[in-house]
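The two complexes that follow have chain A in common; it is paired with chain B in the first and with chain C in the second.
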Partner chain A sequence: MTLLRHLAAAIVVALVLVLLTVRLDAFRDYQMAEVACYVVAVAGLTALVGLSGQISLGHGAFMAIGAYSAALLLLHLHWPLPAVLAAAAVITAASGAVVGVAAARLRGPYLAGATLLLAVALPSLALSDPSLFGGDQGLSVVTSTPAFLGPTFPPTRWQAWLTCGCALITLVLLANLARSRVGRSWRAAGDDEVAAALAGLNVARLRVLAFVVSAACAGLAGALLAITTSIVSPGAFTITLSVALLTGAVLGGLGSLAGAVWGSLVLVLVPTYVMDVAASHGLSSSAGSNIPVAAYGVVLVVVMLLFPDGIQGGLVRLYRPVAARVPAWRGLARRKTTGPATAPAPQPRASASEHQEEGSI
Partner chain B sequence: MNRSHRAGLPATAAVAAIALALSACGSSGGSSSSSSSSALTASAPGITAKTITIGSHQPLTGVAAPGYDEIAPASNAYFDYVDAHGGIYGRKIVYKFLNDQYNPADTVSVVKQLVLQDNVYAIFDGLGTPTHLAVAPFLNSEKVPDVFVASGCECWNNPAQWPETFGWQLDYVREGKILGSYIKKHFAGQKIGYFYQDDEFGKDGVKGLDDEIPAADVVSRQSYDPTNINVGPQVAALKAAGAKVVVSFSVPAFSALLKLNSLKLGFSPTYVVSDVGADPITLAGLLEAYAKQGGAKVSGNALTQGIITDGYLPTLGDTGNSWIALFKKIHDQYIPKLPFDGNVLFGEAVAYTFVQAMLKAGRNPTREDLVKAIQSGLPQGPAVAPYAYSASVHSGMTGAYIGVIKNGTIVQEGPVLTTTTAPTSAITPYTGSAPAAPASGMP
Partner chain C sequence: MAELFELTLGGLSVGMIYAAIALSLVLIWRATRILNYAQGGLAMFTTYLAFTVITHTGSYWAGFVVTLVAGLLLGGLIERVVIRPVENKPPLNAIIVTIGLLIFLEGLAGVIYGGQYRSFPAAFSIDGLHVGSLALGISANDVFVAAAVLVAALLLAGLFQYTSVGLRLRAAAFSPPVARLLGVRVGRMLTLGWALAGLIGALAGVLVSPSTFLYPNSMDSVFVLGFTAAVIGGLDSPAGAVAGGLILGVALSYVGGYLGSDVVPLFGLAALVVVLMIRPEGLFSAAAARQV
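Up next, the complex of A and B:
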């Protein structure tokens, strides 16, 4: 039943997106594709952090694994695209399992440190064998639009379709997973490990599984990003990317899939928008080029101050009082009287679990 | 459990609404028309009756920014000068350069924005080898002129695959050969060490060096990765191998790191640094800044003293040169806050070449007209040796002189030398005379 509802919603969104790609110009299509790539990665990360309660500063590295896998498979084996995407996700999931086994033994800052190491070290591996990985230069990823779309079909529109399609599939799968037994067990283990273990859950296995699922998403995102930008290079997968993904998850609202969409929109659109504004106001290039970084920080600070539970949490909070006043919507807002959401949660961790109670994923 | 689901739909609707609002900002390009009429028309994307819009990707922040971030503002200063003196057939130049932080992934993003959204006529002076390689295929498939890439990679000279792409500065293979022949002549039999950036930039340079320097003389070959500023191990290896001459194909930041790390190890070879990494003013500033970070105080000019390099534009110290006088005048008028250094000279000179090409392309040029204009050859302009442009050759300058840094400026030693990229081709002194700058400052 849940699956059907999610599928129906996904189909509606897909139709809207297809219409959008046709209406928008090529560059907006490209940005949509970029947003969709981030959505896949951030959604996987938000499930890991928000549900299973583990942190990862190494998701940029997982994206690199997916991206390089896809590039090498396309370059040397000429696999068809769906196979490449699936393989990239599987390969990254396998590496996620390895990291997950180590991660299951670590907590809090130690886990953050270990995954940070991954983010810092892995891109340098690409430099160790320049003949295979192309060194600093990276590898170019050449894909063509499928023949049935015709020769004049804009490539960016096709990329937007591909990435948005993958993002929707990922979101539907994750939403179902979150509502399944596995998702409930993750929440239980994330909220209180001891209680979960006493209830008969295998906490270690659950934690590894969360890493596998999350890494698979990051791998798929990396492969999609490689196809969208037509290049993979170590410079694209630095620690900055890992931090950006986590920022996106926190901005949107930890544990919320809708939040992953908001977070990704902020990650992609804010820097370009701010740069355009800076340029049109005649700011010098040296000031203008540093402003996007500052804007990013300002957005993070403002969102955290106004909406401690992220953009999605903030929207839900704003939406409820309005809904409560309109009689016809009252049914939708009934939980307001019992839910804790009216009182801002003091800690991010607590706010994450609050989402989980309400099933906002 | 199900309310979140409903909360998701308004969210989706809001996304859609935002995206639709954004779509209203989209722009459309002009259609091409014949260039025979005298009225100014929107003859190509990015060209209107009043403006020519061109774009570029530049490292305005990040590891390659020191020094290189002056290039695009300097080009813009020359364009401002041209606009103030009648423009290109009356059109003003709008130069939009975006920051890619020297990261190929960002380059793709900003160049797509320039081409797909801002509808630029051409990409001009895109900076960097790894960065520009990421977008050259895209620019060529979109048939966007990709002119005067700010990189000496031999790869831009590939008209069969990339008909839209043109190099400008002396390519690194030619440069390596010219530096190599100097080393062979002046340091015969001495132990030579290489220090180079581990990409096409460094490798092309090494290719040229190896054409000239006997392999037996090269005792150590050390490469560095531009994202890792710890070059201590490489410098230690050069010292251990007993190199008396270190040839460096590096960006300015890494030329400075090489010098400082050598200083720390008490290693003092003769340095030969390729043009892009040897601008004395940039280098002195970096040396002083890095030393300060490390808690030491050094004199930048003292440390750059004696570095051997090469130049393909007139030396900055040659104040009697008409090109230096022209570019100094424009610098002082439009960008007085920037130092008048090699990067500024580079930016102004390449902008001059672009204006030359645009004037040649005609009153109402299409994108192909610009490509054809360059392929039919360009006058020498500020370069010290002629350009190689033709339908089958898309590389730019063909020669340079050897220079030595003395008291913070490069002093030319010997004649301008020209050569080709072929391994066996000879290096010959250039016998032609370099043209003087036009009095108007306009090509």
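Up next, the complex of A and C:
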């Protein structure tokens, strides 16, 4: 039933998106493809942080692994596109499993620090073998539109279709996973690890699985981004990217897949808009490109302090009183209220004062 | 043999920088049980302030003092304004807020100063020192770096151990409710702890920048290695932080000298993972069971 509902919604959205790509110009199609890439990555991250309660500041590094895998497979082995995308996701999932096994033993700040170090260290790996990874310049990724679309089909529209299609498939799969036994177990383990373990859940395995799923999404997103921008280079996968993904997840509402879409829209559209405004006011391009970075920071702090549920939480709050007045929608409204957003739990998992008593002086 | 000697001394000098960052992280961790990911960003920003002062006045020491004062003020300000609301929330909230601060400071520095690499002056000569014909592999400035961090660490230890403020700081970190009952203004002590950490971080920034250049992300790798040093020493132990910094500095110096500088960040990651796997509470910290 849930599966059917998600599939139906995805098909409707797909139709709307196809109509939209035909109406929009090439640049907007390109932006749409970019949004779709971010949706894939942010959706994976929001599932990891919001559901399983683990944080990753290294998702930019996972995207880099997916992007470089895709570029190398296309360049040297000339695999067909679906196989490349699947392989990129699988390779990144495998690296996610490695990180996840290490991460399953780490908590809060340690995990964040270790994944942050991953984000800092991995780009230097790309520089270590310039003949394979292309050094600072990176690798160019050449793809062509499939033949059945005809020779005059705009490539940006094909990219928008490809990325949006992948994003929808990812969202449907994640939505079903979140509603399944696995998703419920993640939430249980994220909310209270000890209680989950006492209830018979294998917490360590659940935490690794969350990392694997999340990394697979990031890898797919990286491969799609490489195809959309036709280049992979270490400069594209800095800490700023990792933090941008986290910003998207937090801004949309942690644990909410719809929130991942809102967050990705903001991540792509706002920087472009800000840079246009900055350019029209005569600011240098370096200043213009840094304003969005500063804005990510402000958004993270303000949202976390004032609106921990993010955009999706705010929409649900607006929608609930309306839905309550329409008898036919009541069921929907109730279902929404039990939605995720576990991270900003009102009860602290361990209060600061409890912790401080172990402090040795 | 001579090379080993050079690498060791050079590693100790760099290690003092990691030690300073680690020390500032430990100060904050002990006071508020929060890991401040913005510590590197804060150090980068105060170093830019020093850069502005130095270019306008021409005096290195004016910039040095301004940096330390700015670090003190900004550290306290950050605790009061954005950290206080998340102090008793789940750890994830504090992590996200400090990451937000980090990226905000980096973006702000980029907007104000641009993204280009700037060279930052050193306090003393950076020519290598010699004893007779033997090159030591360090410069007068490296000696100053090590001495400055050492003096700061000793002053801090003295403050905590022998003054009334230090006693109150320790009480507030040990047990806030009891300290409060005994008349300690716990909130102020937390602010002071963050301010002191800001000062140490600013010192690290101004000391490391002659060798890394100054740009908005210049402290990222220094910060993660400082974090690694703090984890090696144990997040609870100031002495461990200094020791961890020195161990890491020397180890990375050997790796860079014998295996090439490209693998240094990866080795840092490996060191962090190994320590977290084998002894997550750090080498110098009393083992404590995780609270449930």
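As a working rule, the second predicted complex is superposed on the first by the 292 of 361 C-alpha atoms of A that agree within 3 Å, B and C clash if a C-alpha of one lies under 4 Å from a C-alpha of the other, contacts with A are read in each partner's own complex, and residues count from 1 in each chain.
Methods note: a residue touches a chain if its C-beta (ideal position, glycine included) is under 8 Å from a C-beta of that chain, and two chains touch if they have at least 3 such contacts.
Just so it is clear, the structure is predicted and the values come from calculations on it, not from any experiment.
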item: Touching partner for A:Val120 - first (chain B), second (chain C), both, neither; value: second
item: Which of chain B and chain C A:Leu246 touches, first, second, both or neither; value: second
item: Chain B versus chain C as contact partner of A:Pro234, first or second or both or neither; value: first
item: Which of chain B and chain C A:Leu201 touches, first, second, both or neither; value: neither
item: First (chain B), second (chain C), both or neither touched by A:Ser289; value: both
item: Touching partner for A:Leu265 - first (chain B), second (chain C), both, neither; value: first
item: First, second, both or neither for A:Ala94, with chain B first and chain C second; value: neither
item: Shared contact residues on chain A - chain B and chain C; value: 124, 127, 238, 286, 289-290, 293, 358-361
item: Touch list for chain B against partner chain A, complex; value: 1-12, 15-16, 18-20, 22-23, 26-28, 58, 60-61, 69, 72-73, 96-99, 102-106, 108-109, 112-113, 116-117, 129-130, 133-134, 137-138, 197-200, 225-228
item: For the chain C and chain A complex, residues of the former touching the latter; value: 30, 32-35, 37, 82, 85-93, 95-97, 99-111, 114-116, 170, 173-177, 216-217, 220-221, 224, 227-228, 231, 235-237, 262-266, 268-269, 272-273, 276-277, 280, 285-286, 288, 290-292
item: Chain A - residues contacting chain B, complex; value: 5-6, 9, 12-13, 16, 20, 23-28, 30, 32, 34, 124, 127, 130, 135-138, 140, 142, 156, 179, 229-231, 233-236, 238, 256-258, 261-262, 265, 272, 275, 279, 285-286, 288-290, 293, 312, 315-316, 319, 332, 335, 358-361
item: Chain C-touching residues of chain A, taken from the complex the two chains share; value: 49, 53, 55, 57, 102, 105-110, 112-114, 116-118, 120-121, 124-125, 127-128, 193-194, 238-240, 243, 246-247, 250, 284, 286-287, 289-301, 304-305, 308, 343-345, 348-361
